[in-house]
Every structure is written in C-alpha cells, then in structure tokens.
Amino acid sequence: MADLPTIAIWKFSSCDGCQLTLLDCEDELLGILGRVQIAYFPEATRAEIEGPWDVSLVEGSVTTPEEAERIKEIREKSGLVVAIGACATAGGIQALRNWANVKEFASIVYAHPEYLETLETSTPHSDHIDIDLELQGCPISKAQLVDALLAVLSGRRPNVPTSAVCVECKRRQTPCVQVLGTPCLGPVTQAGCGAICPSFARGCYGCFGPKETPNTVSLAKRWSEMGASEDQLLRAFRTFNGYKPAFREESARHGG
Amino acid sequence: MADETRTIKTDYLARVEGEGGMLIRLKGNAIEEVKLNIFEPPRFFEAFLRGRYFTEAPDITARICGICPVAYQTAAINSMESICGVKVEDQIRQLRRLLYCGEWIESHALHIYMLHAPDFLGYPSAIEIAKDAPEVVETALRLKKIGNHIMTVVGGREIHPINVKVGGFYKAPSKAELEAMVPDLEWALETSLETVKWANTLDFPDFEMDYEFAALDAGGVYPIEGGERFVSNRGLDIPIDEFYEHVVEEHVKHANALQGHLKERGSFLVGPLARYALWYDLLSDEARGAAEGVGLGKVVKNPFKSIIVRSVELVEACVEALRIIREYEQPAEPAIEVKPKAGAACGASEAPRGTLCHRYEIDANGIILDATITPPTAQNQPQIEADLRGFVGQFMDLPNEELTLRCEQAIRNYDPCISCATHFLTLEIERG
Amino acid sequence: MAQTLTETAGSLEAMTPVPYAVAAKRQDTYDTWTLELEPQNGAPIVPGPGQFNMLYAFGVGEVPISNAGHFETEERLVHTIRAVGAVTKALCAAEVGTVIGVRGPFGNTWPIEDAKGKDVVIVAGGIGLPPLRPAIYHVLKYREDYGRFVLLYGARTPSDLLFLDEVKSWQRDYDVDLDLTVDAGDTDWKGKVGLVTKLIPPAQFDADDARGFIVGPEIMMKFVAQELMNRDLPAKSIYVSMERTMRCGVGLCGHCQIGPTLVCRDGAVYTWDEVENLIAVKEL
Amino acid sequence: MRAVLAPEALEAIVEVLRRRDWRVVAPTVRDKAIVYGEIASAAELPVGWKDVQAPGSYRLERRGDEARFGYAVGPQSWKRELLAPSVRLLQIERANGSFKVAKKAAETARTAFFGVRPCEVAAIKIQDRVLIGGPYADEDYLERRKNSFIIAVNCGEPAENCFCASMGTGPKAEDGYDLVLTEILDGSHRFLAEAGTDEGAELLAELPQQPAEEADTAAAEKVTDTARERMGITLDRSDVHELLLANLEHERYDDVAKRCLACTNCTLACPTCFCTTVDDANDLSGGAGERIREWDSCFTAQYSEMHGGGTRRSLQSRYRQWLIHKLATWNDQFDTQGCVGCGRCITWCPVGIDIREEVVAIRVTQEAKS
C-alpha cells in the first residue's frame, strides 16, 4: 500500500464535472483505487495524505489570488501535474470575464462585490506553471482520463490525439453534418469526445478546444457562406475554450 | 468550562460538491456564531450570459454544475420556452423527464452511498468502505452507471449532455435504444428498494427541525423536470414567474454565494425532504410502499434521515424511467422550432438537491439581456446554518472531534452543491 | 473469388510479436543501452546488416530498432537503443530476464556483397553507429575481401560516443582508418572538435571504387553525402539509412512514406541517388 | 451467365443470401444520407432517392420514380467492412515472466456487399493490392475479404463530383464482382444481371428471372454509356504523375493550405486510403495489453511525428502528401492507381476542396511555363 503512487485531485474555479469524471469511471474506479493511493480528493473523501504527491490532477481555472498561489505550491510538491478540462487548460467558460470588466460583472451578480476576492481574468494553469499533460474537454473524456492514469502509472505515452473531431466522426461513420448543412466546429476541435454531437445531428460546439494547427479562418469563412452571422461566429469561438489562443484570435476577427 | 470559547471548524468540507467550510463559535453554552463559509470562487454566470443567444443558455448553464447539468439545462429551457410561448409535445417532455431520472439516479446513488454513507458507517470515504465491504461500493457504482447510461443514451453524455435544446432534442432516441436499458433499470429498481431498507438500518441522531418545505407543483405528478407553481407547506403557492417576488437573496460576507430567504418567513427548505413531504401522495406505489415498509411516515423532519428519503426518490426515478420507456413512441420530429420573442420569464426544475429557478429576459433577436439563477443550495444555506445552530445546541456535550464530524454530517444531509450556490443574483430583488 | 485471394496473399506472421528475453544488458552512454535478446521459444530471428526489428515493450508500445549485432553467427539479437521517448525508455529500462516482443527482421540491407573488393567508407553520427555495426563486423570478419576501410564517427559530445573501446580495438586489430570528432569537446577530450563532415576531405579512399555508408540525422547525412560527392564518390555509391515513423514495419500502415517510397519496405537503406531529391523537398 | 430481373427479385437476393447466412449490407437512408448498413429486406434500399452533391455539400431528394439505385456514392465506403475503422489486433497477456499473444478472433460474419459501385469495386481491388498483395498481408483484412460477396451495380446516375470515367474505373464494372446488376429505367423497370464468379452464378440461378434479350443488353450498355458521357473527362491522368512530382513546391500548395482544415475527412471518406495507426494499451492490473489498430490520416500532425518533432507540420506539406500519393506516388509504391474518381473527398470536404481543381491549378502554371 505504502508503495502505491499517490494522486491528489485539486479543484480550482470549475463546475466539478471533470473530477466527477473520475467517479464516473464506474467500471474502472475500484481497479484504479487498487493501483494508487488517493492522497487528496475532497469531493470523495475526508482523508488526506500530505505531499509531495506523485501525480496531481488539477481541475478548474485560476480566478483568485489564492488560486494563483496554490497552483505554484502544488507544482512544487507534485511529480507530474495533469491539467484536466477546459477550465484548467483554457480558462473555461468563466474566462468570458477576460473580455469584460470584472467589477461590473461582480456587481451584476453580487450585492456586495467588495466581499469578493477575484482576479480580472480566468486563466489556464499553463499560464502559471509548467504542465506535464493537458486533457482538454468540457468535460474531459472518461476514456482519456483512465488511459492517461494508466499511461502515467506504466510510463506509457498517453493516447491523446491532437487531431480533429472529424477523425472520430469518420471512424464512427457519422455522415458529416456540416456537409449536410449544419455548421460544425469539428474540423478545428480536438478529438477525444468520440464525436458525440454530430452523432446526435448537431454541429460540434468546440467543447474539446482547438486541435493542433486549427484552420479557424477557413472554417469561419465556410460558416459565413452557409449563412452564419458575425455574431454567431464570435460566440461559436468564444465559449468553453474561448480563451485558448487559436479560438481567441478567431473570435476577435468577428468583432469584440 | 462555562465561559470557555470553543471553535468547531472545518476548513474545507469534504464530500460535497464545491468549496466551502464551516465555522461554529461557542461561548460556554451559548452559540456565538454559525457560518457556512462558501469560498468557491465566483464565476459570474449571470453576467456573461448577457449578450449570448437564448439557445445557448442550456449549454452554458450546464457548466455551473457538473453533478446536476440536466437540472440547469432543463430550467433554462423551461424559461426560454415560456418566454417564447412554446409548449413541447408530451413525448418530448417525457424524454426530458427520463433524462432527468438518469440524473437523479446518478446523483442520489452517488450521494447515498459514496458521500453520505461514510458518515453513518464511520469511514472517511467510500474508498475505505470499498476495502471492507466492496459490495456496497460496487452497488453504488452500478446504480450510478445506470443513471449515467440513461443520460448518455438520451443526452449524449453524462456530464454536460449535448442533446438537449430549446424546443426539444437534436435527435430523439429510438424505442429500441431505450428498451435496451430495461433490464438494467429493473435491477436498479430492485436495488433501490433494498437501498431504502438498508438506509433505514443506519443510526440516526434524535434530531428534528420544523421546516417550511418548498418544492415545485408539477400538476399531479411528482415534480422532476418542471412545474408551473412553487408551493410550501406553510401556504406559499405562487406561479413560478413570481419566484423572485417571494424569494429574496442576500449577499453575506462569509459566502461567495447569495443566501435565499422567503420574504414572508425567512429560511425554508427545498430538496428531497421537501418534495417528499409535499408530494408523498404522488409517489408511485413502489416508492410509497418502500417508505411505508420502513415506517417512514409522510413527513420526515429529521434531516439525517434524508438519506432514506433520497433512497425513496431513487425508487421513484427508476419506476418513472421504466414507465416512460414502456410508453415511449419516438416523436416524428425531435424538436419544434422556437423563434425568439422579446420578454422575460422564470423556469424551474427539481434538481436532485431541490428547486432550481432561472429567470431570463431576452430581446426580439434572442439576445439575453438579463439572467438570474437560484440554485437549491443557495436557498437552503440559511436553513443549513439554522440546522447547525439547532444541532449544536442539542449536542453541545459531544467532544470537539465528534461534534465537528456530526456538524459536517449535518451539512452533508443537504447534499449541498456549492459550485452551484456561488451563482445567483439579486439585482431585481433589490429593485423589487 | 475467396480462394484466389488466399493464394495471392503474402505472409501473415509478421504482425505478431515473438517473446524474447533480455539475456544481457550494457549501458553505453548516459542515455543509451545495448540489449542482447534470446528467443523464448523457436528459432532466433537472424536479421541482415541494415535490417531492423519492431521491439515491443509490454503495454507501452512498439518501435523500430536496427539490428546492431553480428548477423551471421549470433544466436542473440543485439539492439542498441537511445532512450528518447516512452517506448525507448521502457526498453532501456528492461532488466535481464525481462521479456520483450520482437517482430522482424524487416527492411533491406547494406550492400556488403556488392562492396567486396572495394574501399568502404563508413560515416556515423551519434546513435547512427549501431545500425552500421553489423556491416562493420562483416567487413572486419572478411577484412581481406575489402579494400581500405575508413570509419569516421562523430557525436555531439564525447559522452555521446558509443562503443569507444570497441571502436578503438577495430582500429588496432583490423587496419581501419578511424577518425573521431565531437561537435563540442570537454576538458578530457583530446581529439578533434567539429562536424563529422570535416573528416571527409582528408580521408583516404579510391572514389572510383568505393562504397559509402552513412547513418545519422537527415541533415548530417545530407552534408556528408555532399562531401563524399565532392570527393567524386558517385551518388549511386553512397548509401544512407532513412528514418520515419513506423507502425507496422511491413508496408501496410502508410506512415513511413517519403514520396514514392516506403522506408520500411524499400529501405531503410537507400542509395543517395534515390533519396537526394526527396530529402531536398522540405517536409516531404 | 446473364438474366433479366424484375425489381421484386431484389427481395429474393436478400432472402437467398440471408438464408445462406450472409449478413447483407446495402445502401440505406439514415441521418439524411445514404449510408451502408445491414438490411433485412430490399425495402430498406433507398427506393426513389437521389443525392445532390457539390463540393462540400450533400442533400437527398426524391427522384419521382422507384429506382433502387438512383444515386451515386455516399459518405461511407466498403472500407468500413474490410479495413474496419477500429480493430483489436492483438490481446497480449503476461504469463509467468513472459507473455502470450492471442490474436483477435478473426471476423467470421460472412458479409454480402449489395450495391457496390464500379468505382468501389476498383477501390477494393486497390486495397487488395496494398493490404494483401505484397510480401506481407494484413490478416484481419484478408479474413474479412475472404468472407465477402460482392454484388456490384453499374452506374446510371453519376453525381456532380463523380469522375470515375476519368480514372478508368467506371461507370461499368469489368470484373471483381460475384454478380453485377444494371438498373434499366427505360419504361419497363428491370435489371440486367451478370454473374462474375461461380458463386454469383449460383445465386443468380436461384432468382426469379427472364432470359436476357439483346435489347436488354443494349439498354444496359446505354445506361452506362450515358453516364460516361455525362461525366466527361475532368481529370487528365495521362501525365499527372510527372506533373505532380515536377511541382512538389508549387505555390498552389500555399493557396490550398489557406483552405484546408487538415480535418482528415477526405482521407477517411476515401475508399482506397488505407493508413492506420496502432495504439498499445495496458489494463489496470498491469497483466494484459492490447493493440488497437485504427484509421489514421496523413493530415494529422501525429501521423508523421518522430521524437523531436513532426515531419509534416505545415498544412501545405500535408495536403501535398495526400495529393501526390493519391495521383502519383501510389503508382510507384503499389503499381496501381490510388484514386478511383468516386468524388467522396470533394463532397465530404467540409470546405469543398476539389482534387480536380487543384490538379488543374498546378497544370495551368505548368503549361504557362512550358
């Protein structure tokens, strides 16, 4: 038991969905628990093992001064830091504040914004520390999480594709919805989800963030030809992964 | 001893969703302070929803909470459909209810066995339970999985489903796809019935509170995916559109969340205990039978027994899921087209943790002008603090460590969802 | 139709790794190890000089690694591996007794028969030496069948030079014109400093009747081939070993294409004349 | 052997095949497109549908008649049945210090491909050449291929993006099938059926039929002749090999890189593209590993990645790799052409890049130069 690698699961600003993904690995969870020691995972346990930890999974983005400090500490005390989810890898949906005035935002929501301690921006951990592995997705894929844990435990390279959602769409033989007339972000979005949206006759909305070398300009042009407005393009690129550079730059091309 | 100051404190509450802590200060036998600290950072959903397109609300608000995304999606949809004046056909509504049953099954199973049970069984977590009694955890995981599977088949995936939209679904599942889940659900139903019995064997402190129970009125069915009115056992009975005329919220210093009160009477309670107390008669025969079988009574005032009530609701969700699948006919069109209309309306649904209310105002182009979201935990927060006061008052003699544990348990009774609690708003209320 | 398919189909065995145990292991440099492998069952694979095997580290992955041993007599497979990524790290971490999977041998060979009676010029960069070692062994064993034997070896630093003792023993025992260099020396390094290309102008060989074998990074091979051509060695007489990502090793997965050729099937050994124009095209 | 079949005889084909334990896979309408799926009755064919295709666009429309095969090829190809998108190649188990390799149980379901277009027959022949025709054969492919039965259907209704006539692969299948049908719609709706193998002849013998008259043969000939004329020659392949290899650094690649998404759709929709990758995985106990082979594409960065970097990072280089492979280097590698002119890469490119236009653009400057 003592020899098992320790894993700590940290929450930053997030919806908890990515860490829930771990508990959602119903078939694998007990097996995983046999291979690792959970050192810190408040969503699941009161127990705690002090650092250093072999692996830290970090969920959520950095939105407060405390969080900006905490991630540095975690980095120092962790062998590997794996950022999980759109919040941790791109700032998440809450990064929409990065285009707005946070004070104004706070006053819309809270009667006493002065009680809040919050940063102007919501940023991914890679803006603050070195990250060993990023799993994109809002939320991350269960299969990728299990694979990444196994890979880390066995010194294997995690099977994280950097290619487009289209690869998975084609492998599952879904007729392309974009060609059938529904705008789809799949060609610029990183695979991993299994191409869920097109299989439900819906265009991908980019929740896995940009793929490598995403040609957003060309896709946006095609969307316009298909009738998308500039506003629609701006919003499409500025959602869950809107602060990731490739999407950020593309949304800027459509105003705002 | 008399004037000694004691502090009962948990910096970071475990096995709840989101980031919160608890602080209780006693001076002698007097309670000086009870605080449920919520330091979950604010994410400003209501603010950045402004300017987004109305059809985006379900996808965006799902991200408020990874544990009950369907609750958010459904409340948002209910609100938008109400603004735009559309009513979906019953088949679509049933499909939504089925999806929601999936979320209830997943969330309740998770809470009962993995978040709440460790308190009763004396373990720090289900991980340790798994070492001594793996079958308990295996049961939990299998139940959870069945709930998740419903969400995957109907919604596309379990966390942040993608198939839900204003007006219906992107694609309706075939009857065969749903029927394939029946054997699993039958197992889940059996297991939930056992769960009720098992939960009833746990040890409960002798503690009751006199709650004002509030929940949606779904017009003759147990409230899950929506309801036109918001009612309580003390006479509250309002159309959901008047929610914010009665529920006021306050921003207190120790919480990045706003606390909800009933304007008329102060704290109130939403969630399984409330739904159960108000709508006991609408439960299925199986669920009611299970409650009767363990002598639960029509109203449960001991919050620690919420684990039994949650188990009864687990039964209810399985029964409902099976019923819907049995009666399902794939709709000709998975959705109706919804054109934006300027206006404002509230929409609500019964999250596993209680009533969740959204209110939006949109313009004629479908752009969101204003958004207000009040999750159940925010409504319950004053009540949680009230429970703690009551509980500490009664069990003051326990040693610190045990008292802390018990207080934590008292909080976990509510299955609080702190990530949710940090988003809701006030603007209108202050004006109102 | 089905019957005709079976008759025409090629070998089916190539895709299944065969278990080999690590029989001996030696650390060559800070990041490079040599493994000797023995078959667990059945007859050993006997790869030719220049051929490679696909080595599989259990549950981690599979990569192409050149044959680095004697190829005629050796019972054991010899592979020298530099730990650069997940699979090579796992292979290098394999202890004696560990079983790893082997598929092969694949690819073509150095033209050692064709080189008989001619001068042989071998130029290696860093980890490029092991793939040439079977050819070197052959020339040494049949030393009298060959003319001059020039061996030029360069590495980034002295600590990257492989098999230094062995290399020096070749020079001592077999009449080899050996020249060594490093890109950057250290305080202990008394030898030459500079790129391996600098060793070519002074080398003694008969360009009309010589064969050049080169292995190293693509850019190094390019400049070395250029230098050899400057010495009038024709492009057709210069051989290089190419490297590309490989999944199958037998021409089925498509990954190792360079224009018209599949490295695993048509290479990895090519004449310079075959690849010069391909390498010249950026990102081909 | 040759005969005329009434449209109703198609049902008999399905029946006979199913009775003989063949899984019948055929075109059928699903998700607003004509895909290939298992059918239990000929009624599941896309009766009376046609497809309207354009670069990056595909729509189904009613034809106004009862044609069974009145459409061209759709988003899927028979590659899905033969070189399956995802296959577990090996299961590897640790066993006392060593390991045991269990091969994946070969696919045994005998599958009849009903409605294979001539270009697709050609594509299967090309994949046969690549995957089992060399010194090493792909075992999984071979097993599936051995267990397949091909009922081809000649083309009468090429879509906008079809150019099989240019590539010499259609609209009439010459060989490579067990049975071939030509749908004749000139007044009396009928099919001319011709057996290509003994198995095909056996099947044909069991079907309700009329003898084929000369008029039927002529009518069938006219169907494919008309189709050929309608398509014309849109890709000149006579010199395309030299053209592309002489222009590896053509500026057109910069232009296409502005449009290309590197999304892989063209390659994965293509019936001949065969690139695959393998992923080795291990299980939680550490006791078992498996090797999964999946469709891959030269358009991904990981495809050409080596330690220390990728070989083809730019979109220019990835598009060029694909184009020259399809139309030139494929011939060098496998002594067969790589493109059959089915047009899928054009229709199913989300931004509608047209392989024919790219060749023309390169050719134009070449001609200007010379």
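In this document, chain identifiers A, B, C and D correspond to the written order of the chains, with residue numbering beginning at 1 in each.
Criterion: contacts are C-beta pairs under 8 Å (C-beta built on N, C-alpha and C of every residue); 3 or more make two chains touch, one makes a residue touch a chain.
What you are looking at is a predicted structure, and each value in this text was computed from that prediction instead of being measured.
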Comparison of A-C and C-D by number of C-beta pairs in contact, larger one: C-D
Length of the line joining the C-alpha centres of subunit A and subunit C, rounded to whole Å: 42
Centroid spacing, where centroids are CA-atom means, of subunit C and subunit D in whole angstrom: 39
Interchain centroid distance [CA atoms averaged], subunit A/subunit D, Å: 37
Chain centre separation (subunit A, subunit B; CA means) in Å: 25
For subunit C, residues that touch 2 or more chains besides their own: 59-61, 85
Overlap residues in subunit D, where contacts from two or more other chains coincide: 280-283, 286, 313
Sites on subunit B at which at least two other chains make contact: none
Touching chain combinations (by label order): A-B, A-C, A-D, C-D
Of subunit A, residues touching subunit C in the complex: 154-157
Residues of subunit A that touch subunit D when the two form their complex: 28, 31-32, 34-35, 147, 150, 154, 156, 159, 161-164, 166-167, 170-176, 178-181, 184, 186-188, 201, 212-215, 217-219, 221-222
Residue ranges of subunit A touching subunit B (in the complex, touch as defined): 11-21, 23-24, 26-27, 29-30, 33, 38, 41-47, 63-64, 67, 92-94, 96-97, 100, 102, 104-106, 108-112, 115-116, 118, 122, 138-139, 193, 196-197, 199-202, 205, 207, 231-232, 235, 239-240
Subunit B residues touching subunit A - in the complex, by the definition given at the top: 12-19, 40-48, 50, 52-53, 56, 59-60, 63-67, 69, 110, 114-115, 118, 124-128, 130, 134, 137-138, 141-142, 144-145, 148, 156-160, 162-163, 165, 169-171, 250-253, 256, 258, 334, 408, 419, 423-427, 430
Footprint of subunit A on subunit C - complex, ascending: 59-61, 85-87, 89-90, 93
